[in-house]
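Working notes, structure below.
We just call them A, B, C and D in the order they show up, numbering each chain from 1.
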């Protein structure tokens, strides 16, 4: 649809209002509960192992531009870096998007400063490789094989390069923790990494780790909206089953006409 | 005021516009720290409001409203501004490798190689665009087809090797989850290649027995099991995206990037 | 001296040879990290950035900015240059806050477009999710439709975070996770085909275009 | 380490070598494999193009061939472009190449069109046009602008000619003059068409999807919801299309390698599991315990 229909206006405004209300109420200090995401403990374990082995940590925030996914991934990587800094360990962070670079460099510098170890932070550990997907992948693969990091943290938007990075990490025997909202790449992280944070859990993980009221509130708002959506779908199915298409028709859509058009065309095989 | 100008006079106007920009820049530097965040929030809000209102505002009979005519200029502006951002990447790449050459750090020779490749393709591409002839076209093709395209598709195809080692290592019946993962992958793989399909092509092509043909089982898995699961993940991500958009638009976002003093 | 550059046959051969060396050079990483790989890795990084410079000018800035501004006299496009330069202030300590102004425009655009995106993308999906009646349809369809709803509900249940999952909810949620694994297995299986296709493309290039046609000169 | 342990932990370089053989040998010695089964999404893709060509009104509109791929997925995407373009040319449908993901897409699609144009009597500018590449960051605003005014939104074609001066663009103003969108891609670019173009006109624009095998599973819900009228999935999809067109090409040839590579992986999975079970029963028999 190029412009909103009335059902679209209603749904969008109601959903938006719920989410914004949840965020605002959390910012005003309402206590909110988020269940623990399994796999988060793995982060400390992986940092600890790198320290024991005296080898660096390699992390990536994927190919995303400066959007929320990338910023949330950076928040996770900074919390990793803080722990690493306390043990005096290095974190390498190759970057694919030029605009993300200065932001990432700042974030890591702050993490090291917060841990009181700004002396061991090297700006060059955060380096731009390429905007181009496979040039980036080739660059990261090279770094992994040369630097032999003990653990890899892969958080953010990933595409096909996920497996190139994760298998090279696996080959050198690194502990790997990954988390991405990119559905198609999760299976490969599952096959090659030790711990994987799946889909939506990515948003929850940042909220859980950072305990930021905004994120917690947003997550609760999203939960409510998802609940409403699920209820609407189930209700719609039940009503439709008993010959009452009210909910079904609410989500009206011009495509139906299109499907019927092509069903009627000659030679479409019915 | 905004009328096209013909002839060399246009340069006068362009310089005028740049001077005006300089004045605006100077005015911006005068803004005290405490007004900076509200200004940024306002700009974010207005930029978002444009597309939001254009979508929500009731439309007339021709399905347009008062903002629709501005969609096209906004699109062109976004294209041009996005293009200017490329320089950020070029700047950081060049500075890292120039430093490595200047200090003759180990492997600085590779930085020289990088620069050679960078200039070769950029210059031959531009030459070919401005002076298209067979010579320029061939030189550009050498780097583009022979180099970049080959490297790109090779690096992508390398995943085929990694997928074999990952499947061999990870698809073991060690846990319930691993076993589930393995079994659906196994059936899908069988059903998607001709040789696998041949295993069950003795089954009838129509009627109930056809359901047991491996390619039909695969389609069933993809459409009836995989799609609702993916749809469920999508719904969650969709709500996340809406929430994200709202937090950004209304400048509700907090955290290191957004909290920093400006 | 540079005659070969205008000879299509010689040039074709040179391109194939270069492409073959690039292909084999990157494949050496499969054995282990080495100098050859590192060489081609840096060629790759350089070509990628150089090409981006060329394509950005040729496809965007020239036709959409330079030509309208200079040749068509739309001088106000000069303001776009100033706005674009704001990006670069991110490297300045003093003025980096101004780069946020340009980020703000893009953040705002993306946020404003999200509403249309949500409505256009999710309305039809919601409708199709509802379009799974379980009564009044043939039995096999009813079973399939019921399965669809059960899977949707259990997987979505797994992704609720704001309460502790116990008892029945926990069981549904665990089932949701198993179903997710099943779906991920299917995605893995499908992807194998994609990656193999790409490898076939490369191997075909090496065997046919390079060895058979270029080296052996076969037709 | 026992025999079965070793079978469980074959060096990955051995696996890689086996894979090269499984893919390469069938290309050298043409190994016989049966023709692939044509799946419903492929068939409805074909039928939709046929239906467009048989429709007196729609056949005069323009098809947008959105070449949103780069050479990295060329084995799948370019093969699909090739076979679909043949179909368009065979049925004399006019098309415009467009691209907002990677500038290589419009280049590769152009090369394909130039390769095929003589065979089917197509002429650049008269029967097809190449609108060129627009950066991905501007894709949504551009496509939104195209709904009402394509010549203004696109401006000039790859030869820097204004679209208004190109014969094939005559009478093409906005979304209502578009017969169909064919999106060929290896990335997540389809939602731009679905979200901002498909349903903005008097009637929805048929949208056809040529995708890599990776993204195939994700798109199935869109077929069911009617947002897609057909889909080619990966090289296998192209091979199925070649069967429908009765013009065997690269996809048909690669089909054998595809089969053997799959069987190699299936065999390795079985081998890994069987040897794991055997070595497990051994070690528990010898009383050492501690199996994993």
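By definition in this document, a residue touches a chain if its C-beta (ideal position, glycine included) is under 8 Å from a C-beta of that chain, and two chains touch if they have at least 3 such contacts.
From a predicted model like this one, the values you see are computed outputs, not experimental measurements.
**Q** Closest chain to the protein CA centroid?
**A** C
**Q** I need the chain pair with the most C-beta contacts, please.
**A** More C-beta pairs are in contact between B-C than between any other chains.
**Q** Taking the mean of the CA coordinates per chain, how far is subunit B from subunit D in Å?
**A** Using C-alpha averages as centres, the distance is 18 Å.
**Q** Quick one: subunit A and subunit C, Cα centre-to-centre, how many Å?
**A** 16
**Q** Quick check: how many Å separate the C-alpha centres of subunit A and subunit D?
**A** About 27 Å, centre to centre.
**Q** Whole-Å distance, subunit C centre to subunit D centre, using C-alpha means?
**A** Their C-alpha centroids are separated by 13 Å.
**Q** Which positions in subunit A are in touch with at least two other chains?
**A** Where subunit A meets two or more other chains at a single residue, that happens at 1-2, 4, 12, 67, 99, 103, 129-132, 134-135, 138, 160, 183-184, 187-188, 190-191, 199-200, 226, 229-230, 253, 255.
**Q** List, in ascending order, every residue of subunit C touching at least 2 other chains.
**A** 26, 29-30, 38, 40-41, 44-45, 47-49, 51-52, 55-56, 60, 62, 64, 87, 90-91, 106, 109-110, 113, 115-121, 124-125, 127, 129, 149, 152, 156, 159, 180-181, 183-188, 190-193, 195-196, 198-199, 201-202
**Q** Send over the residues of subunit D in touch with two or more other chains.
**A** Correct list: 12, 16, 19, 23, 72-75, 134-135, 137-138, 141, 144, 155, 196, 198-199, 213-214, 216-218, 221, 224-227, 236, 258, 261-262, 265.
**Q** Quick one: label the inter-chain contact graph as line, ring, star, complete or other.
**A** Topology of touching chains reads as complete, every chain touching all others.
**Q** Would you tell me which residues of subunit D are touching subunit B in their complex?
**A** 10, 12, 15-16, 19, 23, 33-37, 39-40, 70-75, 104, 107, 134-135, 137-138, 141-142, 144-145, 148-149, 152-153, 155, 213, 216-218, 220-221, 223-224, 236, 255-256, 258-266, 268-269, 272-273, 276-277, 292
**Q** Considering only the defined contacts, which subunit C positions touch subunit B in the complex?
**A** 2, 5-6, 8, 11, 14-20, 22-23, 26-27, 29-30, 38-58, 60-62, 64-65, 69-70, 72-85, 87-88, 90-91, 95, 97-98, 100-102, 104-119, 121-122, 125, 129, 144, 147-149, 151-152, 155-156, 159, 176-193, 195-196, 198-199, 201-202, 205
**Q** What does subunit D use to touch subunit C in their complex?
**A** Touching subunit C: residues 13, 16, 19-20, 23-24, 27-28, 72-76, 103, 132-135, 137-138, 140-141, 155-156, 160, 191, 194-196, 198-199, 212-214, 216-218, 221-222, 224-227, 233-236, 250, 253-254, 257-258, 261-262, 265 of subunit D.
**Q** Spell out the residues on subunit C that touch subunit A in their complex, using ranges where they run on.
**A** 26, 29, 32-33, 37-38, 40-41, 44-45, 47-49, 52, 87, 90-91, 96, 103, 110, 115-116, 118-120, 123-124, 126-127, 129-136, 145, 149, 152-153, 156, 159-165, 180-181, 184-185, 187-188, 191
**Q** Using the touch definition from the top, list the residues of subunit D that touch subunit A in their complex.
**A** Contacts found on subunit D: 12, 43-44, 47-48, 50-51, 54-55, 72, 137, 144, 147, 187, 196, 198-200, 203-204, 206, 214-215, 218, 225-227, 229.
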